[in-house]
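Have a look at the structure below, then the notes.
Lettered A, B, C and D in written order, each chain numbered from 1.
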Amino acid sequence: NRGDESGSKLTVGVSMLSMQNEFIVNVSDEMEKKAKELGVELVVVDAERSALKQVEQIESFVAQQVDAIIMNPCEVEASSPAVTRALAANIPIINVNSETKTQPTAFVGSDDVESARIAMRYIAERLGGRGNVIMIHGYMGQAAQLKREQGAREILQNYPGLKLIAHQSGEWDRSKSMSLMENWIQSYGGQINAVFAQNDEMGMGAVKALTAAGLKDKVVVVSIDAIPDALDAVKKGTLDATVFQNAEQQGARAVETALKAAKGEAFDKQVLIPFELVTKENVAQYLK
Amino acid sequence: MRELLQVSGLSKSFGGVRALDRVRFTLRAGEVHALMGENGAGKSTFMKILMGLLTPDAGEVLLEGQPLRGQNVHEVLRRGIAMIHQEILAVPELTVAQNMFLGREKDVAAGRWGWVNDRKINQLAAQLLDQLGLDLAPTTPMKYLSVAQMQMVEIAKALSNHAKVLIMDEPTSALSDREVGTLFRIIQDLKRQGVAIIYISHKMDEIFAIADTITVLRDGTYIGTRPAAELDQSTLIAMMVGREINDLFPASTAHRGEEVLAVRNLTRAGYFTDVSFEVHRGEVLGLAGLMGAGRTELARAIFGLDRADSGEIYLKGQRVLISSPREAIRRGIGYVSEDRKALGFVPGLSVQQNLTLASLRSHQKGGLIREQSERTAAAAMITNLRIKASGPDQPVTYLSGGNQQKVVLGKVLLTSPELIMLDEPTRGVDIGAKFEIYKLINQLAASGLAVILISSELPEILGLSDRVLVLSKGRPTALLSKAEATQETIMQYAMQH
Amino acid sequence: MKSTLTDKVPLRRIGQYGIFLALVLICLVLALITPKFLTVPNLTIIVTQVSINALLAFGVTFVIITGGIDLSLGSMVAVTGVVAASFAHPDTYPLVVPLAMGLLAGVLIGAFNGFVITKSKVPPFIVTLGTMTIGRGLALILSKGRPISNLSDTFNFIGGGKVLGVPFPILVLVVAFVSCSVILRKTVLGRYMYAVGGNEQAARASGIDVSKVKMWVYTLSGGLAALAGIVLTSRITTGQPNAGVGFELNAIAAAIIGGTSTSGGTGTMAGTLIGALLIGVISNGLDLLNVTSYYQQVAMGVIIIGAVVLDSFNRTSAS
Amino acid sequence: MKSTLTDKVPLRRIGQYGIFLALVLICLVLALITPKFLTVPNLTIIVTQVSINALLAFGVTFVIITGGIDLSLGSMVAVTGVVAASFAHPDTYPLVVPLAMGLLAGVLIGAFNGFVITKSKVPPFIVTLGTMTIGRGLALILSKGRPISNLSDTFNFIGGGKVLGVPFPILVLVVAFVSCSVILRKTVLGRYMYAVGGNEQAARASGIDVSKVKMWVYTLSGGLAALAGIVLTSRITTGQPNAGVGFELNAIAAAIIGGTSTSGGTGTMAGTLIGALLIGVISNGLDLLNVTSYYQQVAMGVIIIGAVVLDSFNRTSAS
């Protein structure tokens, strides 16, 4: 409302989970695009996966009296104080992509738990409900890792025939997960029927290791994010499936919502953008 | 006299090295007991065991009848034994006063709430420094002191302990005669108070000046104990070395040739001023002066380690600007530092690698070291200088002081210098090795090198130099010919303002 | 000749605070470029944000002065945070329990570091790198890999509350700074730290129990890391098992920027505080100027190197 | 007395390889527990996985021998990987171009490190910590924060191909090991590295151009980091701007475990290789045994500390 009265550009502070993550960078780019279109000034900062840093960044935004804040939370609990601080200063704060425990002004995104459910359900179907599954975690203890694990385990529980024979952290990293998979191939070899990697980077690493060992044909690999590399792999058939999150929608809707909130206009308190399973059949529509 | 300390059957090995083998020793109150032996005889090891710094393999140590074994340094200090260590053990970042009372703050200067009372420490330090005639602020950081000043502080530190037994392991190695005089006066005082002193030195004249009793070690074994009055220099040397050394300063056969180095009005503010001299082939130029006279700084400036503020340096008539040791070496200047630990050798490298370090470029092809060539050069130097080492691959750290000194000298000689500057070349070196280094200096001069000899031991200067340049507080006060140079004249000019 | 020695001391003092001048310079530049910088709320935020890194940096300053290093700081932050959080749920224990347990955890890990380092000859780098990994594992085990939330308001006051308008973390910082300075400059222990780092042999020959001093510094480092862990946990109102990753490097950087030498024997708490503030101010300034994330990293590195280069030239010319 | 000194050298040698015994011991235990460990494919995989860390560790061994440190390794891996990947798309440039450009990037960053360290008095820790941040920023800027994929098959052969059944990274490792050993043990430069690290002042007084030696080691470290970056990029067939985070600590750990002292002047390439293998074997073994993630970290830390403690006691008793 302040910005509107003075006639100058509105400023929106944005704190992103990690600008080293391709999907997050995409969301951020879409936000910039939308902001330009709407004539809003964005101040984008990178929390580098640290909730503390994120809280501090929001504190700085509050001190600078921005008109609205968009936060892509690092953690459910630990990023909550940021929401509290913003609300206490009467600055609207919009969570994008994932949630915090404290209710923000509005939420734009999708439920990470759901993405893992989609992925694991696909595995269950491919294996006909029977087989040995391996899970590669993200960085242990982070919100995305916890939620994706939760979703995967929910589905596993519904399929008693699916056995989780091993799971380790690949730290969201392609080379780590590749080494991990190489070692697992040594210990489990032909027993592995499917791999669920909590993001595409790690999924690609697993695919590399399996291909090198000549096992890719026998193992189903599914991951999440639908980064271009993964889409390519799905097209080629090396990666069996990935789960698409709509970066464009998330980014654009977040900026729109922030703007409306700042101007005091009506807005949706919750904008849910669904995940979509990407397989060889429908990959063409996601490839740009 | 009362027996303070009784030692029997003391043995200590380092890995395979038997540093001490069933050594016995008795110390009486009020005596100065000299402990003599060649480099590596085991003297320092013995003393470190007394202090609780090393654990012996076997043997018994009684202090006033009570066993001393298995105690830590702190306890030993409390029971009244203090030591001036051979290598200077200073904490560079702490002040003089803080160094002097290190480890005893609670005893001498407990402040409120267990804090250290630095004002008290500074007062106490100032008193002691004054007593030693040392013109030093107690608050000066130790790192700004010269080696000599540090050694005096170490002495003050040991004295401040008010110990019953005072161990002095080569306390005068970095001191010039004036400080040595002060130290000797203090030793006499302590004797009168009944303090027993164990005195280790390689300087014969000191031993005969102050020692009451002399014990000799050789290769870690006990050779004998005699009253000093019953011994003369050659008997003592024979006990130590196992052979006789007669004429310590062999006659020189060198001829003075063309001029190699000329220095004109060289000045480095605060260190030396307006120094001019020249050195010729085949000549040994002695540089004499008191501690802090600026001799080391002068040599460092010539060698390119420090920069002079003004003045000129000529090499064989040509004006040169030397900005780094690299350049100095290329131009045929060699420098053997007084501080062999800091500037002389690289402890981790072997004897051979240290020897060839400065001349390695002449043993390489395309960057690869020609091992045969390197080995030959090193072997020749080991033979020529009679370096006592188990082999060229022995780490230089395990060598005795004298042999380390020879390695540093060998390193410089392998760069084929035309001028060599030797700064305190016999510091901490035993009598046998000293003799060999003296012979070597003469040989170097005879082979046509120009030699600058910096030494705080006047006999050395007098015995080896063809001419003597005397510095006082950084200013040249006299250039004496061999005939003019006597102990008295040199001292007179050295103290002149 | 002696007079030149005494003259040198004040010059040295200025040299020592060259990094302070660098800090002032950077602040001036920022104040000129952006009006948002030199405001009370912004400065308050900077100091609050700096507090955690400063607490860690104080601890590691002790360690580095003795010639050691502590890479386990970040993991200790996580472990102690998780431990404290486990006891900090509302209506369970009084506030003192989570605090005591968190501190205990830090002190124990620190003491373990000290114990291994003094009893074996293993370099501190390896020991604390090991504890870094172990600590991270412990934090995850204790929390079962999940953030521990729902903490009491009294506990959350530590990180989020204010006393007379001053954020509580700043008060913690001030108290810690004063205490650490006193330990270092006024006590026998502090003196011994310099001695051990400056010349370990000399310290031993002076009858100093070198192992005891080392035990102390690693334990102190653990205790301060626990304090940092508690402040952090309270600030984000969650015990986060993956908190503090990489904190050790920032803390060590603050100490070294502030003039503590990795070879031991030198360093002051004031210097370390300035080092931590420098990092905090640069980071805040780059955010205020809206420098893009990637370029921020480049700028951060360049400015830090630049500041220390400035300091080092200052020092060289002063001595 | 002299003869006994010669006796000591072989003893010292064994002491030096105490860590080798630790490695053998761990391998034996693993072979006994799980039959999957001692198989040709598994051992091949271990060595392949170790190659990247070993390349970095070789470089940092040079640096540490001269008494320095290099924290920018991980970031250099990222930058060089991104640079190489940018030139490695199919049907664009011949293979030599991405390789040359990657190496050039590493060498330039390394030389920058060396330049700042020798020209100013800034501690290597700060300079390379700065370059670590700068490098990460550069990698993100160059790649716009996105992985660079679609690389040519010839390029991907480096990380994924085999020659006579031997994975190519192992060949790179062997060549690098031999070259680095030769540099360290057979060349004038190698000798000078030991001299500079062992006693910098003495090195200078011996006419060694200390700055030049330091320039060399940081540049070598950059070059080897580039090699590691290229192998990694090719192995995962993508230039990742966020690759290599934390790699520097593992590389430094390998060097120190292998007997390189952080105070400079000692170290061998064989020791470093053993150190890297030790870390690799433990990590592989824990995966094979399917130790739960959290406990893996604890076990990793404990075993590494344990191995080095064993080694240090071995050394002490030998000397």
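Quick note on the criterion: a contact is a pair of C-beta atoms (placed from the backbone, for glycine too) under 8 Å apart; a residue touches a chain by one contact, two chains touch by 3 or more.
Keep in mind it's a predicted model, so treat the numbers as computed, not measured.
S.K.: Between chain A and chain B, what's the gap in Å when you average each chain's C-alpha atoms?
M.R.: Chain centres of chain A and chain B, defined by C-alpha means, are spaced 70 Å apart.
S.K.: Quick one: report the Å distance separating chain B from chain C, using the average Cα coordinate of each chain.
M.R.: 43
S.K.: Distance between chain A and chain C based on Cα centroids, please, to the nearest Å.
M.R.: 33
S.K.: Check each residue of chain A and list the ones that touch at least two other chains.
M.R.: Residue numbers touching two or more other chains: 19, 140.
S.K.: Which residue numbers or ranges of chain D touch two or more of the other chains?
M.R.: 140, 145, 293-294, 296
S.K.: Could you tell me which residues belong to chain B and also touch two or more other chains?
M.R.: Expected reply: no residues.
S.K.: For this assembly, give the contact graph shape among line, ring, star, complete and other.
M.R.: Other.
S.K.: Which of the chains are touching one another, listed as pairs?
M.R.: A-C, A-D, B-C, B-D, C-D
S.K.: What residues on chain D touch chain C, complex-wise?
M.R.: 69, 71, 116, 120-123, 125-127, 129-138, 140-141, 145, 246, 249, 252-253, 256-257, 261-263, 293-302, 304-305, 308-309, 312-313, 315-316
S.K.: Quick check: in the complex, which residue numbers of chain D touch chain A?
M.R.: Against chain A, the touching part of chain D is residues 34, 36, 39, 41-42, 45, 48-49, 52, 140, 144-147, 149-150, 160, 232, 235-238, 240-243, 245, 283-284, 287-288, 290, 293-294, 296.
S.K.: Which of the residues in chain C come into contact with chain B in the complex?
M.R.: Per the stated touch rule, the residues are 1-2, 4-6, 8-9, 182, 186-188, 191, 194-195, 198-199, 201-209, 265-266.
S.K.: Quick check: in the complex, which residue numbers of chain B touch chain C?
M.R.: 51, 53, 72-78, 83, 85, 87, 89-94, 98-99, 102-106, 111, 114-116, 135-137, 139-140, 144, 270, 292, 473-474
S.K.: With touch defined as at the start, can you tell me which chain A residues reach chain D in the complex?
M.R.: Per the stated touch rule, the residues are 19-22, 25, 137, 140, 166-169, 173-175, 178-180, 182-184, 186-187, 201, 204-205, 208, 212, 227-229, 232.
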